[in-house]
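I have placed the structure first, in the form of structure tokens, so that the comments after it can refer back to it.
Per-chain numbering from 1; labels A, B, C, D, E and F assigned in written order.
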Amino acid sequence: MTFKIDGIVGALRSARGASARTVDRDGNVLELPSPRDLSEIVSGIISSLFPRRYGGARAAMNGALDYFVGYTLDKALEGLSKQVVRELVFTAALAGRDVNDAESASRDIVQNFADRLPAILEILYSDVRAAYDGDPSAKSQEEVLLSYPGIKAVVHHRIAHVLYKLDLPIIARIVAESSHSATGIDIHPGAEIGPSFFIDHGTGVVIGETAVIGERVRLYQAVTLGAKRFSVDESGALVKGLPRHPIVEDDVVVYAGATILGRVTIGRGSTIGGNVWLTRSVPPNSNIVQAQARSDTFDGGAGI
Amino acid sequence: MTFKIDGIVGALRSARGASARTVDRDGNVLELPSPRDLSEIVSGIISSLFPRRYGGARAAMNGALDYFVGYTLDKALEGLSKQVVRELVFTAALAGRDVNDAESASRDIVQNFADRLPAILEILYSDVRAAYDGDPSAKSQEEVLLSYPGIKAVVHHRIAHVLYKLDLPIIARIVAESSHSATGIDIHPGAEIGPSFFIDHGTGVVIGETAVIGERVRLYQAVTLGAKRFSVDESGALVKGLPRHPIVEDDVVVYAGATILGRVTIGRGSTIGGNVWLTRSVPPNSNIVQAQARSDTFDGGAGI
Amino acid sequence: MTFKIDGIVGALRSARGASARTVDRDGNVLELPSPRDLSEIVSGIISSLFPRRYGGARAAMNGALDYFVGYTLDKALEGLSKQVVRELVFTAALAGRDVNDAESASRDIVQNFADRLPAILEILYSDVRAAYDGDPSAKSQEEVLLSYPGIKAVVHHRIAHVLYKLDLPIIARIVAESSHSATGIDIHPGAEIGPSFFIDHGTGVVIGETAVIGERVRLYQAVTLGAKRFSVDESGALVKGLPRHPIVEDDVVVYAGATILGRVTIGRGSTIGGNVWLTRSVPPNSNIVQAQARSDTFDGGAGI
Amino acid sequence: MTFKIDGIVGALRSARGASARTVDRDGNVLELPSPRDLSEIVSGIISSLFPRRYGGARAAMNGALDYFVGYTLDKALEGLSKQVVRELVFTAALAGRDVNDAESASRDIVQNFADRLPAILEILYSDVRAAYDGDPSAKSQEEVLLSYPGIKAVVHHRIAHVLYKLDLPIIARIVAESSHSATGIDIHPGAEIGPSFFIDHGTGVVIGETAVIGERVRLYQAVTLGAKRFSVDESGALVKGLPRHPIVEDDVVVYAGATILGRVTIGRGSTIGGNVWLTRSVPPNSNIVQAQARSDTFDGGAGI
Amino acid sequence: MTFKIDGIVGALRSARGASARTVDRDGNVLELPSPRDLSEIVSGIISSLFPRRYGGARAAMNGALDYFVGYTLDKALEGLSKQVVRELVFTAALAGRDVNDAESASRDIVQNFADRLPAILEILYSDVRAAYDGDPSAKSQEEVLLSYPGIKAVVHHRIAHVLYKLDLPIIARIVAESSHSATGIDIHPGAEIGPSFFIDHGTGVVIGETAVIGERVRLYQAVTLGAKRFSVDESGALVKGLPRHPIVEDDVVVYAGATILGRVTIGRGSTIGGNVWLTRSVPPNSNIVQAQARSDTFDGGAGI
Amino acid sequence: MTFKIDGIVGALRSARGASARTVDRDGNVLELPSPRDLSEIVSGIISSLFPRRYGGARAAMNGALDYFVGYTLDKALEGLSKQVVRELVFTAALAGRDVNDAESASRDIVQNFADRLPAILEILYSDVRAAYDGDPSAKSQEEVLLSYPGIKAVVHHRIAHVLYKLDLPIIARIVAESSHSATGIDIHPGAEIGPSFFIDHGTGVVIGETAVIGERVRLYQAVTLGAKRFSVDESGALVKGLPRHPIVEDDVVVYAGATILGRVTIGRGSTIGGNVWLTRSVPPNSNIVQAQARSDTFDGGAGI
């Protein structure tokens, strides 16, 4: 009439016991930042940046809007601060370090983050304008802000990137993945991306940790800016942090499905054609397209 | 002890002030249609189309089911009407036009939309049958309706397309993007798609605004029906609305990863193989496959 | 002032009436398993597997944790049992069979499912370790569990696969699709996947029903393990259930965008390069890369 | 660091084990009707009676309103039917009886209940009019329906009374108590109350099970229509079901705080003054007031 | 298998059709203010008055608190404004009047209401102090604010009273009834109540529309300040608005259960004993107690 | 177009600034226990006591039920512990004391509270039995537990009383008031109440802080067990904590509306009639009834 679960509960306990886990000096399991909480926090930050479009606020005179912005921002920062404490404590425990006053350190970091928001907003306006200018079907910047997945991805990335620079890689990653899940666009929070950046359609785009992207760059769906290979040290372990992803200079366009791998440089003003596979640098103003190589003999499909 | 945000709130206000925005004649910022509200509205419309499968209704005799359908539909149309008013007012303000009685115009448009729902339902049944017939693992049409992302995408598209034809491009786009986010399938609401259409797997599919797709067409994941290039007028501005995406005739199958670009025609009954890159028309009953071109020399990967 | 919907409600009723649907012997429309309910149920099962990371539970001593695990698991199994009854009754009606005591049968199946959870947890720990070992940017297994879409996909797959093996293909499919929607990774619940499996980035990955994957295999985004063609019987109907997807042996790495089709075998220790198109078997330790075939003549893009 | 609860959980189990409880023949504890579910069900029934005022429906033409009414009512009846099954099974088990097809019996009872709703609505309109006519501050019947606790109490009572007459005393009691909690007015569902009934203010009113109230009766706060004593049989057990509460004839007014006890009759057209204590019958058109008995010597208060 | 409700829906429609209802010139049924919306609005207003205790805000420096207060207040006023429009339109239709620009009139009224909030807050602080001073068990004013039903009642009353003075009797009544339901204290929004007012326990207190209460008055549970009789004009209709409830001067205490009826004056500094029934004025500093009148013969109880 | 609130926000800030408030040594405003949180916590505690009736748990074998009980209890205790910390810190700050390790102290108190739950459950079973035995209309103890407001009040009181004895008067008071609001029964958490206690109907009952009630006592609605007067010390300040409410010995019944004031003793087995006003002790087995004092002259009512 009911399920027999006592044995299962016990077996799950044993399995958990055998797994690696990070504990503090007293043996307590440490909490990690919460994706659910961060999702709400980032949503609050975005509402404070775009109060009329994301915030559900009335179209109000500046006075009343400031109350909304201040309230929303303050609440989001307060929430963020708790998540930052978790990352600081967890990371220190991983490294065997002590944490002195994680709460105070967290507040400084979060204040620092907040101070950069006006600059983030300025860049995001440039991104919205780039989408508006680059897409003939866009009728207004407001519409772009509302409905373009490429804009959603870049808004999240610019927030995640600041968090990454403030030495919060776990939180930054969680923010990036929530955007990845919603848009299919996977931008590592470490990537450096200049203003007026636009990704159209976007599904399947992957941009690696050390990629550097200039101003006014435009990407289409399924573009990969990846690493060619991982460097391995003498002991065979992966070497971390080396520049291993492409540098894409100003005013480059990369069409759908193109794959660019390794620390190569795509010169300014170049155009990379659809589905191109590129593992070398190209000079400024290059036009790269895929080889023509087709046959008309049917050899099967990719049905699954 | 608390965050210093007064300066930030002020700086955000200044940044907003400098950005472009659309206002009415009195300088009030205009509201755009709300993605959140539209998500609920479209969900209501779908429940009224498929009351037993999406609506959570009991499996009832037709009488009681009609109450559910009528109630759900009426509520959704009422909600839609408010969003349409927003788009009409916003669009008119953008164009510097006056709006006479946007509410009444909205009601007419929404009634027009509602009148087309029975025809939409008929076509959707053909799509469900096509999925059922085309996928050997499908055991019943009900299961297809419940769980296939390709069906979710086409249900949203057929709704979005009617909205697009009723001159509501912003609302249509928002509906399309909500489906894109959930399925990874990006169909522009302008695309014309015939009955018995089926997309399998679907992630990464992109179908452009002026694409025309016949009856009984089947697509697999990552297929692109795109534009080859954008036309530019004398002043260098993009020319909008020109037919620039493929025409795919009846009974065509396009396998995974194929890219078809430009206003080309894929003749009826043709099969386009996986990963094919195609920028020219092909006659009916063609079989197009990718060139064989491989080497076994390891030259790196796409690790990121 | 209000919408005229009486005629529409009637027309929708007629359209529904003409469509195929599965009924029991008394003509009552049958309920299918509910994606919404299953989403909550699977979330409960995952919380019982990873109570500290997904469950929101305090980091407690084992005693209190067991209460959480037992309660969460019991509730999820109870919910699952109701969904299983629906699938059993629906499937029997489709086949014209009688169902004797679906509730009792469901309880046995669900108990059987529950008994396998500790083994699933053990394998999932191997997957988490594989992700941690394979990704230089991962700093802890906890972080991997929290934020990697590849982990989310494999957690759902291992649950869906057990349900599939217990002859619940509809429920298994619904579970798989919910993961597909969130991650862009589409793994058929029938696929056999060994321990220490890792998918990085993941958007666009498709793994077919009869694929067999060994131990310590690593895939990148947009990899397809698909069928080359469907077998057709004398009457032209699709033959179901035949092995038609690749066998990928132990320690294979497949880089982004590679497409492997048909019942081919990728020998152990092989590396398949990015964007490779492969329809034949390769021996152990092969290195397969895409042909070099490029031109620098600009011939357009894939703008849409 | 955590609470020691294993012993407590065990002690609670023992305490539960020692308590009386009602089980079916297999020893399973039986479910009772759920107050929370019934609250939602009754709310649905009321919305179907007053769709414009309680239902949140638009002020629509009758057609669209019928969809709301039919949908809301059907859903509420379906929910009620499940609760009725619980009461039937529970009551039968208490009495040691078998239940043959509780579901079918429940459906008949609920259909019977539903058939009486139009008549209930007619009487409720008379109650609203009585409140409107009797209260000089009421400006419209709509306002009365919206905000008068006496109306809320009588709406619940008329529903509970029909359930009581259909032999569902537990459900009827739960409905009555939910109204008691919200209004402070405690009407036993067994009380017979004629049309045009009005309770003003209401807090503290108590009306007993066998009370009989005529037409156009008006009560104020803290009025009790109670039993004088309980009859005891030879063995000392309470005798149930005997008429033991007052009969209040047509057009009687009972002012605040009056207490009327026993099977007495208040003749038609009588007025019972505030705080009167009455344990005998009075003829028609009586005016009963409290004795004048005061002193001005301060002897303390009722401070607490 | 399902309920027969078509006939019921029709009968309910007929019953509705026969009932009185208020429509506009086009025959559309008019909306009244919504109790549910008003409950949320009043909750917002209270949060803006007591941001630390009701608002869930962090204990912040004044700057951040102002954002919360401004945001919460602005949102509540916006909501209130919509409800005021409904009352204005409804009341005008009842009176057969035209409404010119109800929205603009509503904004003026709501601004007027908002302007009085600081003064309301000052008086509420006096009430909290009175409760703290008058109840020996109160340990802090914060605790009083949190948990005393008398304070909840007076907070709602002071808001409802301002709304009543602004000619919004329906909204005022709805606010008062929501407090009545939660506390059992029924204060008509028309009652004039001076500062430092305290009701202890409170259940069953009733204060009429034209009651006038001075400063530092204290009431206990079940006190009635009511009307003795209603005045009737020559045609037998009730005369509205006449002063008909007691005047209670400064520093009066009324103990539990006392009933004071009619336009009598309780002189300053008087004490009215528990359960006293009083229909005449008393001079300042009176002590009124109930007559001693008891017997020890058991004559029954008030069991029900 | 918008509200002018800047001045109001400033005025509210000033009003707040002038009010008394409790701060810690750094000037931070202190948080009090949250009524909303406590409501959820108490609901969890009650679910752990009555898992089958309040908890929504399946009627399960003891094993699975224990998981529910343990999980629910653990979560509730964790939540309670946070509220206890708030009360300890707040109370210490009020008294100018330091708090050493409030968290640890809180855990001890909460563990102590938890340890008493099995004993509370035993007494509550006696209360349920008393209601069942004392009310002829009760058909089962389960029904009593589900729907009787007197049971709801006593369940909350027994929990609040333990909290009161553990020196948590603020939390205890909040728990008591939530029950008061739902039932109209106002029991001070300090009151000592023996087993098998039953309150019927209940609205308007008030029981004071130092009341002592024996075993098998039964009260009806509107009974007051209050203080006659407050003692004042030489300086005129109220003397707290003195026994000032009645002692009601075993097997006493007090009928509706009776008022008993002061530190009097109602001897065992006595019956106090309805509406009796009693300020002196009575010997065991007394029968006290209200004096007969009536007139038939109409002198007005209590209409309001």
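Here is the rule we use: contacts are C-beta pairs under 8 Å (C-beta built on N, C-alpha and C of every residue); 3 or more make two chains touch, one makes a residue touch a chain.
Bear in mind that the values here come from a model prediction, so they are computed numbers and not experimental data.
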Next on the checklist: Shared numbers divided by all numbers used: is that above or below half for chain C and chain D, i.e. same or different?
Outcome noted: same
Item to check | Pair in B-C, C-D or B-D that repeats C-F, with over half of contact pairs matching by residue number | outcome: B-D
Checklist entry - What is the distance, in whole Å, between the centres of chain D and chain E, each centre taken as the mean of its C-alpha atoms? => result 25
Item to check | Gap in Å, rounded to a whole number, between the CA centres of chain E and chain A | outcome: 53
Item to check | Shared interface positions of chain A, touching two or more other chains | outcome: 1-3, 5-6, 9, 28, 58, 60, 64, 66-67, 69-70, 74, 78, 184, 188, 201, 203-204, 206, 209, 222, 224, 226, 230, 256-257, 259, 261, 274-275, 290-291, 293, 299-304
Checklist entry - In the complex formed with chain D, which residues of chain C make contact? => result 1-3, 5-6, 9, 58, 60-61, 63-64, 67
Checklist entry - Touching chain E in the complex: which residues of chain D? => result 48-49, 51-53, 56, 59, 62, 65-66, 69-70, 73-74, 77-78, 107, 110-111, 114-115, 117-118, 121-122, 125, 129, 136-137, 139-143, 146-149, 182-184, 188, 201, 203-204, 206, 208-209, 221-222, 224, 226-230, 245, 256-257, 259, 261-262, 274-275, 279, 290, 293-304
Checklist entry - What residues of chain A sit close enough to touch chain C in their complex? => result 2-6, 8-22, 28-35, 90-91, 94, 169-170, 173-174, 177, 180-181, 184, 186, 188, 200-201, 203-204, 206, 209, 220, 222, 224, 226, 230, 238-240, 253, 255-257, 259, 261, 271, 273-278, 286-293, 299-304
Next on the checklist: Could you list, by residue number, the parts of chain C that touch chain F in their complex?
Outcome noted: 58, 60, 64, 66-72, 74, 78
